[in-house]
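Shared between the two complexes below is subunit A, which has subunit B as its partner in the first and subunit C in the second.
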Partner chain A sequence: MVKAYINGTGCISAQNTIDESWFFETVAPPSVDYYNAIEPSYKEYIAPNLLRRMGRAIKMGVTTASIAIKNAGVTNVDAIITGTGLGCFEDSERFLLALLNNDEQFLTPTSFIQSTHNTVGSQIALIMKCHNYNFTYVHRGFSFESCLQDAMMLFNEGKESILIGGIEEHTPNYVNLYRRAKKFQEQNTAVPYWKSETSGTQMGEGAAFFVLNKHQTEKSVACVEGIQTLYKPKTTEDILDKLTAFLKMYSLTLADIDVTLMGFSLDVNFDKKLQELLPTIEKESCPAYFKHLSGEYHTASAFALWLATQLIEKQNLPKAISISQKAPTAIKHVLIINQYLGINYSFMLVAKV
Partner chain B sequence: MDALIEKLKGQIIEQLNLAEVKPEEINPDSPLFGDGLGLDSIDALELIVLLEKHYGIKIEDPKDGKTIFQSLRTMAEYIKANGKS
Partner chain C sequence: MSQRIYITGIGMISAIGNNVSESFLSLSQSKTGIGKINYLTTRYKDEFLVGEVKLSNADLMDLVKDNSPDLNRNSYLAMLAAKEAVINSGIDTKDGLRTGVISSTTVAGMSKTEMFYKEMFEKDDHLNVLDTHDCGDSTERIADYIGNVDYVTTISTACSSAANAVMLGSRMIKNGLLDRAIVGGVDALSKFTFNGFNTLMILDKEWCKPFDENRKGLNLGEGAAFLVIEGEDALRKRNGKALAEVIGYANANDAYHQTASSPEGYGATLAITQALEMCGLTTRDIDYINMHGTGTPNNDLSESIATKTVFGNHIPKFSSTKAFTGHTLAAAASIEAVISTLSLQHQLIFPNLNFTTPIAETNLVPVTELLQTPINTILSNSFGFGGNCSSLIFKKI
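Take a look at the complex of A and B:
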């Protein structure tokens, strides 16, 4: 079965992950009930004439893509695949507000051009002068997973090197609407993410990009062995059955998984099945969680994949993400079990090379 | 005319998101496109909308844009001759 070797990564998140040496030295708490990404000075990464037209999602995407490409030591790729649930939300809002405020007149082109979901992928392609396959998935909680599935299928078709990434931004308007809809935790809760008994999450944003290669090279830091998505599983047993079958495809069982990164969102309405799954995971593997670092968003699984790569590279499971007292002796396999709104579940199997 | 040029500087900086450019750095006689401010075709569309929105001027023939948007001064002169406000 084809593997996707991770040769370069770049990440902007609510943690200081733009500093590539970051590994839990500091863990930033949410500002209020949501997380803002820690953004760099973009002038260091993007030409000023391009920068002035870009919204934050584009800036975050282009910057993390450029870091991943630099780390992989490549100048071009065979495909660029991006995933986003909301796309370039800031520019979409700007365009629609101008439409309303100016009585549908005096519409300017910039925010409209920049508002489409595929702007990030196209800007990266323009900067790289990459005329190859370019695709953007807007599949809500499966947006990033779809990128990875597509990349692995393209490897089967003969592509060698592929850039994939997940991007999400929030805006003050979006945050306000979310708050009014009571989708947030109303106060900072002392209850751990995996034990939440209340409704509401802590929203996040960010971008994570990966240069994947069909073959292992000296730059390879880890590899994705497999991915599977699950839409609206009915019961926890359904998830466990699918998970067991998924691992069996790679001749593995849960006991072979050193760390399991679980996508608890702090909202009990959506975490219930993962909470029920936790004792089984805890028995066989070292469970960990990550959305207290990234916040919840459509493509938080891209952050999880970035984190899994870090754990494998550093061979360390920090206490800041560990759920149990268990510590792995070595980290050979990391399993990501993510969920978004209790609808989109996914498994990603990441291995040491 | 000078007051109008100063006003235009601020409006252009805001409309085109030229956050790095200060009003005093814009020479009213330098070309807006190419060498001067380095604007491009998308900016030209933004400037056409700016004229219509703030000065009630509708440029019917896009070819006229080449003369009107030569520099800040030519733009101000055109507004003075054709503007409603």
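Take a look at the complex of A and C:
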């Protein structure tokens, strides 16, 4: 079966992951009930004439893509595939407010042009002069998963080197509206994140890009063996059945999974099935969580894949993400079980090379 | 592993009709759906022409038979067209085969968000509109409306979106991940897109004139179209009937400018050439091209040059059907895939309306009257902002 070797990564998140040596030395808490990404000085990564017009999602995406490409040591790729749930929200909002506030007059096109969801993918293509396959997925908690699945299909179809990434940004208005819609909560520190009994997540944002290769090279730090999405599974048993079948395709069982990164979001309504799944995971594997580092967003699974790669590289499961007292002796397989709004579930199987 | 991919059901709603048979009638009678603005709220109501679906949101709600307040115009259009395609195909999603819904949209729930966005800052009443603002919403509505769907995803590559949905669905079946897919796209008209295109100064205030020397821009449209595509195994299993075959597709990037096409149409040339290569056809094998042909000075010249580059002196018969429907953005490629399927079924080329004078540089003349002619293969082009270029090739059964 085809594998996707991870040859380079780049990550901007609510943690200081833009510093490529970061590995839990510092862990940034949320800003009360949501997270802001820690952004770099973009002029180190993007030409000033381009930078001036870019919204934050584009800056985060282009920067992390360029870091991944640099780390992989490639100059071009066979495909650029991006995933984003809300796209360039800042530009969309800017154009929308301008037209509403001025009764559709005195508008300029820049923010409209940049509001389209494929802007990050096309900006990367423009900068790289890459005429190859270019795709943007925009499906909620499947936006990044669809990128990964597409890349694996493209490898099957003969492509060699592919850039994929997930990008999400929020704006002050967006945070304000979502908070008023009661979608956020402050964590009750007396209750563990994965046992939440209350509703509300903590929104995050960020971008993570990966250069994937069909074959292992000296740059390969880990590989993705499989990806599967589940739309609205009815019961926890459904998820477990699908998971067992998924692992079986790679001749694995849960006992072979050293670390399981679970997408607990702090909202009990969305986390319920993962909460029910946790005892089974705990029995066989070392469960861990990650959204208390990244915040919850459509493409938080891109952050999870970046984190899985880190765990494999460092062969270390830090206390800061561990759910149980168990520690793996070695990290050969990391499984990501993500969920978004309790509707979009996904499995990503990552392995040491 | 390389299964053949068949189109077995089509559904469509746009300015030229609320379903496929109404659309076919309009196409056969050269009757455009583009006219004065009736439903979109805008200060430019009397100044521009658009291709609106001739139904209010209340009418659409009656048609989908679902009065959920969470549905918006995008969802109504998507649900209606997808359901029509499923009924037309005769598939039963409860039969245990794996069904995917692969949709596409550019503005998603914006037509509703823009009505309530300002209010949201003052009152809590409409905050739930945010839940249906994103692109994935209408796709999941389709999946739930049809039921028993195993896989969903949504694509947004501007005006080439639905072509990529057809391509992805075909690839997923060939890769053994799905047995069949409901593929297509949807975009409802919104003040947001209307004003966006207006600030780019690429809207024609009169009927658009694709490939005409004096073309001034596009007319925006709205709509949705979906196709049921099935692998040959799934089709054989249920003894279903194919309407047409998807034999080629390609996706390339112009990498020239965020909104404009390169003068030589490099991305378009790549997409067309690679789609031909995929199915082993030569340029002589294409009987008709359903062009992207938006009516903007930039697109039509660039596409004409790309067409000449690929086809040389043997340019197939071609037309743009956007003067019927308007440019329906993410839905355009699936609307044109449905139109191409109708062309193959009825052996008809639908005309390029409003054309009088060829573009001086390229001198290409489209088909301007309804034409009955043998058509075996059709190339359909779709290009979008961000340099996204996709071409599809369909074959008669």
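We take it that the second predicted complex is superposed on the first by the 348 of 353 C-alpha atoms of A that agree within 3 Å, B and C clash if a C-alpha of one lies under 4 Å from a C-alpha of the other, contacts with A are read in each partner's own complex, and residues count from 1 in each chain.
We adopt the following convention: a contact is a pair of C-beta atoms (placed from the backbone, for glycine too) under 8 Å apart; a residue touches a chain by one contact, two chains touch by 3 or more.
Please read all numbers here as calculations on a predicted model, not as lab measurements.
Overlay on subunit A: subunit B and subunit C fit together in the combined arrangement.
By the touch criterion stated above, A:177 is placed in contact with subunit C alone, subunit B being left untouched. Taking subunit A as the reference chain, the count of touched residues is higher for C when subunit B and subunit C are set side by side. When the two structures are aligned on the shared chain, A:49 is found in touch with subunit B, with no touch to subunit C.
Applying the stated contact rule after C-alpha superposition, one finds that A:104 touches subunit C and leaves subunit B untouched. By the touch criterion defined above, A:146 lies against subunit C but remains apart from subunit B after alignment on the C-alpha atoms of chain A.
Of the two partner chains, neither subunit B nor subunit C is touched by A:319.
After overlaying the two complexes on the shared chain, residue contacts for A:234 are found with neither subunit B nor subunit C. Minimum Cα-Cα distance between subunit B and subunit C in the superposed model: 8 Å. Note: residues 105, 107-109, 113 of subunit A belong to the subunit B contact set and to the subunit C contact set alike, using the contact criterion stated above. The touching residues of subunit A, when paired with subunit B in their complex, are 48-49, 52-53, 102, 105-110, 113. For subunit A in complex with subunit C, the residues that touch the partner chain are 80, 85-87, 92, 95-97, 99-100, 103-105, 107-109, 112-119, 121-123, 125-126, 128-140, 142-143, 146, 149-150, 153, 156-157, 173, 176-178, 180-181, 229, 231, 298, 343. In the complex of the two chains, the subunit C residues touching subunit A come out as 42-44, 105-106, 108, 110, 113-114, 117-118, 120-121, 124, 127-128, 130, 133-136, 139-140, 143, 149-158, 164, 168, 171-172, 175, 177, 191-192, 195-196, 198-200, 251-259, 266-267, 270, 384-388.
Subunit B contributes residues 15-20, 38, 42, 45-46, 49, 52-53 to its touches with subunit A in the complex.
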